[in-house]
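Letters are used for the chains, namely A, B and C, taken in the order the chains are written, and counting of residues starts over at 1 for each.
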Amino acid sequence: MTQVMGQAVKRHEDIRLIRGQGQYTDDMKLPGMVYAYIVRSPYAHARITEINTSRAASMPGVVAVFTGRDVKDEVGLIPTAWIPPDADLKVTPHSVLAYDEVRYQGDGVAVVIAETPYLAQDAALAVDVKYESLPVVTDPFEAQKDGAPQVHTDIPNNIAFHWKAGENLDEIFAGAEVVVKQHFRQQRLIPSAMEPRSALAQYHAAQGELTLWATTQNPHIHRLLMSGILGIPEHKLRVIAIDVGGAFGSKIACYPDEVIVSWASKKLNRPVKWTETRQENFQVTTHGRDHVQEVELAGTRDGQIQAIRVKTYANMGAYLSTAAPGVPTILFGLIVNGAYKIPHASSEVLGVLTHTTPVDAYRGAGRPEATFLVERMVDLYAGAVQMDPLKVREKNLIRHEDFPYTNAFGLQYDSGNYQETVSKALQIFDYPAFRREQETLRKQGKYIGVGFSTYVEMCGLGPSEVAGAVGFQGGLWESATVRVHPTGKVSVFTGASPHGQGEETTFAQIVAEELGIPVDDIEVIHGDTAQIAMGWGTYGSRTTAVGGAAIHMANEKILEKARKIAAHKLEVNEEDVTYDSGVFSVRGLPSKGVTFQEAALDAYLAWNLPPGMEPALEGTAFYNPKNFTYPFGAHIAVVSVDPETGDVKLLRYVAVDDVGRIINPMIVEGQIHGGLVQGIGQALWEGAEFDNQGQLVTGSFLDYTVPKARFFPKFETAHTETPSPHNPLGVKGVGETGAIASTPCIVNAVMDALRPFDIQDLPMPLTPQKVWQAIRQAQTKEPAESK
Amino acid sequence: MYTAPFEYRRADTVEQAIGWLANDPENSKVLAGGHSLLPLMKLVLAQPQVLIDIGRITALKGIRIEGDDVQIGAFTTYREIVESPEVNEFCPLLAQAAQTVGDVQVRNRGTIGGSLCHADPQADMPAAVLALDAELLIEGPSGQRTQSIDGFFLAPFITSLAPGEILTAVKIPKLPAGAHTTYLKRPHPASGYPLVGVGIWLTVHDQVIDNGHIGITGIADLPFRARHLEDFLKGRLLDAATIAQAGPLAADDANLDDDPYKKNLLQVYVTRALSQFGESFAAKGLNGKS
Amino acid sequence: MASQRIPVTLTINGQKIVRDIEPRTLLVHFLRDELNLTGTHVGCDTSQCGACTILLDNQAVKSCTVLAIQADGSEIVTVEGLEQEQLHPIQEAFREKHGLQCGFCTPGAMMLGAYLLNHNGPLTEETIREQLDGLLCRCTGYENIVRSIQRANEIMNERQNAQQAARATGVG
């Protein structure tokens, strides 16, 4: 065999990207194209009393100005596509342009279309909108209280849904030897993909067809939803996403802007392009996380965890975005027990509306929030029972022999060897030596700390039956067509829609390995609904686990047919034909063979095929996974804290991850690096802030800290490989692990460094100011107050 | 985002620029490297009707020695300052501060004149030019004048430049031979602007501080000279005890709000900046132990 | 006022370009919209992200913060101009060391990297990380960008050595 899988094959997509030949949506230019600029509300909550567009409409180059009232009867509302059952979910009507009330800063109220983007902006600034400001609420805990300002008048207490899982734990907690309680604030994050969102629509009036180029992670979901919103039948709609410049969950949602340009293109019969500014990206592209969590953990005095109970107030923003309700429920609430054998658990989630940017998936989506709370609770519990946090982990981790393991919520973890990742991490990091050094340094007034995170996550989304059962309004299988051309070259069509993850390469490796052909003979095509029958897109670390498995199945079909053709040509029984390194040969007669390319040509010429066989050589498969996949690992962070400034410095970061079988180690490592930086960013620097009027205070890269290169040491990464048993390739998923594991790891490390000051917890991000204030308070506190 | 429309004029001489500026000083802006002005214009926070580009005026470029001064043209980039042998020999503090501005690309394009005229209280260069007693050469409709840097910054984003005037050069007296210099900065993690920046030069003989100036930026509403601190230091041993006492004095000249963290930062950064001089005699027990 | 148009002459990737432009045209938009050189990207409004970095008279600058008219008479190199007969060392290294994922910041990252290669400073892990302040990348975690720049430096030296060797052989 060629052994292409498992190799660090250089990326195919790079060939165009390093030459500046990528094709991002904003790079597109069509004849007659005009440009849209959306006028947005500066208020977080206000009534629109008047919109005067006449001055804007008369400005140079302006083609049209439309307001919410022009659009509202011609297109549908922006839908929510994940409706968790039994959660009393209320729909939040979301017009593509607001016409009566604006509900967050950035809500669109009008659109200007002009001959150049410069002229469109000039005119947009001249649209005169009068508002009457209304009371604002931004915090989810405050918003669900009686009397809080209402975001949608018919949704009392702003509670959009109320979801519960697990059992009543009152008795267990009442009888527990040790109970640890803690509030956590999962701050709001701004995904900040480097490519701003963009959409270009071209309506072909004669055919009644619309083509939409868009920055999306899931073009087929877009086609499905847009068809409903626009009233254009699905077969007349084509959605294309060629190169997408990062997304991290923020390009899953169906946004008003894409609908506006589509509608306008039809209205004006011209191609219309819209590209958001970075300022708009901050204000209107979905944010992530934002929970208030009340967590309780019950355990024995000797370190056995018995139960975990979580109540969460999840800030959903002003509208329920496309996938948003699933994030703090299914993807969070069912895995709050983490990698530990915790027999009893319960989750309760209130999805609360506020006058803020809608929240949706952000790298990890739900699982970082769950992992954070359980990893922090384990540390706090370790402190309460005066045990080493690593010992408590080792005592409670699910053991290798327990797999498949069913957690307290009924999720079945597929496979794992958690102890092995811990051992491997401890080979890299000398824990006893660290504790000695820490002790020595403390005596000198220097503070270093170590944090652990032994995590598990669920990804590879997922079985479609489960998707249906949990209210996801779509399937979660994936499609693949592997088309062998007459010369034996191969085009692969995938329904996944990678946007930086490198599957043009990984998928080609799967095909090269399984079909025994050179990797350069394979082209992977994605992101075009006209070329790919159906697919559900790239998110939830699902692409290789689900889309890759579909390719594997398509390969099997091709090999089966090619083998028949070869057997026919060799005039032997199919069972006597072996296949190795691209050649079919007769068992025991290696000199007589048919190459893969010869079989392909025969299939197309069809001069002499086995009786009854159809011509051509192509395999299409639809893979519906049997379960989620469950990557896991052990991370260790070492930090120092400067007590004079509160500065936290990351000194070391060890990440041992098990993401199942690895197809391309170079790409896997890159995914982990990226995830780590985002997860560490949450712990130390990132955090969206609104003032009490709902104005986004951190509205640019000047205020919101996207981490920079100099903030990090070199990462120390290693792997174990435990295949997923239910997935034909054995792969699990790697896109989110770094972001899931690292945030609590860093916070645990900082808290460990601060142990001499007896500081229990600090809210993220752990800015120098917060750390310094906590140290100062601790220093001025009466000694009697400390435990 | 895009700037609002404007009329563009490229000046070949300072006189020409001043002439144009005089036509409508309120609605005209001088464009140097553009790294302060263009971002504001792109956010439509500034909408000049006329932009006068001074980037081609050769008289505004370059660094040269004029007697006891180093004269730096207003249109000199941070990178040129960082790499200038004259600056590094006679007023290295200026290069030390310029080296921390923005990032590589910004330093390649942004100019000292642009930075000073923009008068952002969170800028690096003011700390250095204040400590270095810079004199500003200014030309306007009524001719040339010089202005001490002291008194140039009137309020955030407001300088003593009169309408119609252009900053043409920055004149920096050569430092005494053997002066120690440092610029210690705490950048905002996102913007890179100084949350506090401390620029110091000192002359020390036999461990006794002869003379020295301290300019501080970022932390107060305006950049300032820490004169109380300078007075305190003169004639004292540069040792741990002096440095420990010195730290708190910087606040005496600062218009700080009552954020205790800012006060602390100022003190810590002054202490650490002073401690950098001659590790040999300052290393013992300097870490704020009191 | 909006109708003012000014002639601008630039040499872009070795080719002389003359156009009449509106003075407010930013260099990045001139490259992308007028010349279809869409490899240079726009990632922010505030001069932070560096996706638009190009070489302007051999200096790495952010083309979103330069008016095209300011660059009149200058020589510009964009990502499209890096490759000369063979891939530029920075291009080869970014691919070899997986210095890119989504590719959006990559042109800016490579232009900055190419600039750093030619500016003689030591290219240690630490100095490279410091000199990447003007680049935001949300995908790679930067580590492979650092490796790529180091590797590009090696490739550049390897090529120079090979050239010298070839020349020596030629003379001999």
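To be clear about the criterion, a contact is a pair of C-beta atoms (placed from the backbone, for glycine too) under 8 Å apart; a residue touches a chain by one contact, two chains touch by 3 or more.
Here the structure is a predicted model, which is why all the values come from computation and not from measurement.
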Per-chain CA centroid nearest to the all-protein CA mean: A
A-C against A-B, pair bridged by the larger set of C-beta contacts: A-C
Between chain B and chain C, centroid-to-centroid distance (C-alpha), Å: 29
Averaged-CA centre spacing for the pair chain C and chain A, given as whole angstrom: 30
Chain A and chain B, separation of their C-alpha mean positions in angstrom: 44
Contacts with two or more other chains, residues of chain B listed in rising order: 1-2, 4-5, 43, 190-191
Multi-partner residues of chain C (at least 2 other chains): 2, 22, 24, 29, 45-46, 48, 133, 135
Multi-chain contact sites of chain A, meaning residues that touch two or more partners: 117-118, 122, 277, 279, 701-702, 706, 708
List of chain A residues in touch with chain C within their complex: 10-11, 13-15, 17-22, 24, 26-27, 29, 60, 117-118, 122, 191-196, 243-246, 248, 277-279, 499-502, 666-667, 669-678, 700-702, 706, 708-710, 712, 714-715, 738
In the complex, chain C residues that touch chain B: 1-2, 4, 6, 22-24, 26, 29, 45-48, 50, 53, 56, 59-62, 64-67, 69-70, 72, 112, 115-116, 131, 133-135
List of chain A residues in touch with chain B within their complex: 117-118, 121-122, 125, 277, 279, 445, 644-646, 685, 701-706, 708, 711, 769, 772-773, 776
Touching residues (chain side chain B, partner chain C) in the complex: 1-8, 10, 31, 34-35, 38-39, 42-43, 49, 51, 53, 55, 79, 102-106, 108-109, 190-192
Residue ranges of chain B in contact with chain A within the complex: 1-2, 4-5, 43-44, 186, 188-191, 193, 260-261, 264-265, 268, 287-289
